[in-house]
């Protein structure tokens, strides 16, 4: 047994145990770790933002850039300043301008993503092709999957009562959804257990030195 | 007599979840603490990864890409160590590279640890390139000259002052690239480096990703695939050095079985309760 | 007008322009999508101040009123200053806070990473308690959930192979066939829903908080 | 001799990269023998005496896109590709120079454009129809949304606060917007019942949007005086730091109802299990399909994917909103019809093909390529 002499390992180990103590019940150790975590997180977020966006996207183009379009960046700066209006009771409504810009941006950005990445790719994958029937088992599997896609979509049909054929199809859709959710859940268990194994190894190997 | 039995099963159905936490904790803890192992069955995908490295002549260069951070460390670090052991055992030269800046210290720690075991010398037998931003651009530029992106190693030492780097300039000088992946960089290795340079590739990925990467193996775009802790354990078995992968696998298996037992007990409790309620 | 119509107009114009430019590669339109994201991150920089302000005030009030557990707010401030100051220093010294030799990276690895990993690893416990509680054959739907979960769980460890050597194959069939179909359906639904919502936003029907 | 054969077979073409914003030339090689190990592309333009290295060509697709920052539109560029064989190197020049220019329309996106037009038409038409005849509109039951009132009501009876936990994505995510709509409903109920609410945020912009939303809801409920900005709090900008914070608040404040709404990642189950342990009614909603199983397992009610996006129409029940839902449903019918027609043509086509007629199969291939 070789207990670590590195004070940082000790700090990490104590913080690890502090978080785990939450599993028993809320306690001052967890509260300590939680508040430290939130403090570090916001400082970390601020540094990350600075490093990943303000410097490369705002400072560099404005200070060192030569492109005439760089002055367009003054618009988001202005919108950003408007959002600070929230500090004043009288001008707090100014925040609606940057928010309105966001709304427009959401719309503009999500529509292409929806088409390009999801709808077409998924629909194309769903269409049964000759090659999907190269052997009987594969064929059956693909038909089963095809029914799964179709019935799930009918479950999300909102503007009609789920009765008759639509009702039956939506019902099958829900069964498929449940089967899929169960599979996803079971699939993830392994990865989650390995996380705990990782922490145990840290405690028993790096910290306490019980195992090699 | 039945009264007591029923209430026992029913209690089981509503057991305080902290007991579950305790049992799961113990089931994972005991195999690790006491080094319990599990017999591991080597899959063809891992065997093929092992064979690829095993067939390399002494002195060949293996590049290992650390494309993960602390979150996936439990699964991928054992793989890294097993592969490093294999390489050092076969006197292959190792170049580490990082595409996840936060994985830098993790990869370096694993490299130094295994190198020490084998008495290998930095700059002669192994080295670490570190991280340069640019992802795919970095990958592609290394195809012509590594020095066009990496001016120095992880500590800033110029590459030409490291003896082993004298003859390493681009992918032509690298026998195999091993990508240890927790995200999309594995796809980039296949789609850019394999496609453009016919570079031999092996991928080690997290368990969640394994199914998605499998088609690359079937298409022959990668030479081998190591998936999750299970894959790491298989590789450990092949290099004859059972370590965390093996121990972890025992914990993993027992934890799965325990969870399934919980589900069964929960259902028994539930049906007992329902039967009693119907009886009333 | 200033408070209602102009914001709606901004949304309409931004939305339409970005959707239309999706089909036009010619400059300057081709880059507008990217520019919108840049703008987003710039505005985000300012609103981050609002977040920091909200937090700092929240903890300051706790401290001033000596509320129960007030000293945890001191812990919060310590964490905040620690990461922020080391981040700024590292940025100045190395030009990159995530340089392997920087103090920020050091704190990141010794304090933040163990906290993250441990919090993440709580899932091992919660996934157990959730499966114990939720996977009961209460009704037919719950039974379906239960059955595939158990098969997949078993099929992914060596024990499953020992029980029945075909179990890993069945598991991958479930994942590739039974799971893929409905997941595709769900994704198509989400995508269509997103487009419909976008149209409502552009038309000013869906106003959330702008009205 | 071998050299001669290789030289005569390989051809290289340089042309403007299609469907782009210009400043890029594509180089493609044809009839390249499989033994090639590496292919380097060199470029020169008017005024240059020697070629300079432009990059490495893929030896699977034999394509290379030269988008170097020096390339200008309308100027000719000459290319040479060096093919490396095990024993020799062969240089082939492109038969004509490549000239880059920008396109006004991206042809690869035609399918998106058509679908967008069809879909928008459906939505707009049904909105118009809804305005004329608001009676015939229907929306199917969404139990998770019906449960909002019940959850807030029970929380009030127990004298416990209501929690609203936002997901991690910013306001550019449709799920986040839907979450704000749901928040509005929750806040209105909370204001009516005069029970405390706490809204936790990961994203500062979502926080400000939430403040506006809750303020509006309190005004609608006729209690603007009761609105307190301090109830909409920002926690931290770190995934698991946020999780730790929300968990801490849950066990200390013991809410009677918890809404987990938005785009979540791995923390979904940590939050839902902690929420369950304090005995709260939990209503979750997310468009993150990977996290849905965990919410379904641990929460009382779940809005699955698109159900969440339909929330505003369901809650508001305004005719125009319901009209848009109907329009989007017709979009689904349209999509299913395309899939159905595709399958039909594919099936008949493959039968005909085996009988010797491949024409219909070609149509099918075109349909697939259209997507």
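The chains carry the letters A, B, C and D, assigned in the order they are written, with residues numbered from 1 in each.
Everything below uses one rule, namely that a contact is a pair of C-beta atoms (placed from the backbone, for glycine too) under 8 Å apart; a residue touches a chain by one contact, two chains touch by 3 or more.
Everything quoted here is computed from the prediction, not taken from an experiment.
Student: Is the number of contacting C-beta pairs greater for A-D or for A-C?
Tutor: A-C is joined by more C-beta pairs in contact.
Student: Farthest from chain C by Cα centre, which chain is it? Let me know.
Tutor: Result for max centroid distance from chain C is chain B.
Student: Any idea how many Å lie between the Cα centroids of chain C and chain D?
Tutor: 14
Student: Taking each chain's centre as the mean position of its Cα atoms, how many Å separate chain A from chain C?
Tutor: Centres of chain A and chain C (C-alpha means) sit 3 Å apart.
Student: Could you please state the distance in Å, as a whole number, between where the Cα atoms of chain B are centred and where those of chain C are centred?
Tutor: 25
Student: What parts of chain A, by residue number, touch at least two of the other chains?
Tutor: Counting only residues that touch two or more other chains, chain A contributes 19, 22-23, 31, 33-34, 37-42, 44-46, 49, 83, 86, 96, 98-99, 102-103, 105-106, 109-112, 115, 119, 123, 126, 146, 150, 153, 156, 177-178, 180-182, 184-185, 187-190, 193, 195-196, 198-199.
Student: If you look at chain C, which of its residues touch at least two other chains?
Tutor: Within chain C, residues 19, 22, 40, 43-44, 47-52, 55, 98, 108, 112-113, 115-117, 119-120, 122-125, 127, 129, 131, 133, 135, 145-146, 149-150, 153, 156-157, 175-176, 183, 186-190, 192-195, 198-199, 201, 208-209 contact more than one other chain.
Student: In chain D, which residues are in touch with two or more of the other chains?
Tutor: Where chain D meets two or more other chains at a single residue, that happens at 109, 112, 116, 172, 174, 177, 205, 208-209, 212, 235-238, 240-241, 244, 292, 294, 296-297, 304-306, 310, 325, 332, 335.
Student: When you draw the chains as points and link the ones that touch, which shape shows up: line, ring, star, complete, or other?
Tutor: Topology of the interface graph: complete, with all chain pairs in contact.
Student: Once bound in the complex, which stretches of chain B touch chain D?
Tutor: Result: residues 17, 140, 143-144, 172, 195-198 of chain B touch chain D.
Student: Quick one: in the complex, what on chain D touches chain B?
Tutor: So the residues of chain D in touch with chain B come to 37-38, 40, 53, 55-61, 277.
Student: For the complex, give me every residue of chain B touching chain C.
Tutor: Interface residues on chain B, with respect to chain C: 17, 20-21, 24-25, 28, 38-41, 70-71, 73, 101-102, 104-105, 108, 130, 154, 207, 211, 230, 249, 252-253, 255-260, 262-263, 265-267, 270-271.
Student: Using the touch rule from the top, collect the residues of chain A that touch chain B in their complex.
Tutor: Touching chain B from chain A are residues 23-24, 187-191, 193-201, 204, 210-211.
Student: Where on chain A does chain C make contact in their complex?
Tutor: For chain A paired with chain C, touching residues are 8, 11-13, 15-16, 19-20, 22-23, 31-47, 49-54, 57-58, 69, 72-73, 75-77, 79-81, 83-84, 86-87, 93, 96-112, 114-115, 118-119, 122-123, 125-126, 141-142, 144-153, 155-156, 173-190, 192-193, 195-196, 198-199, 202.
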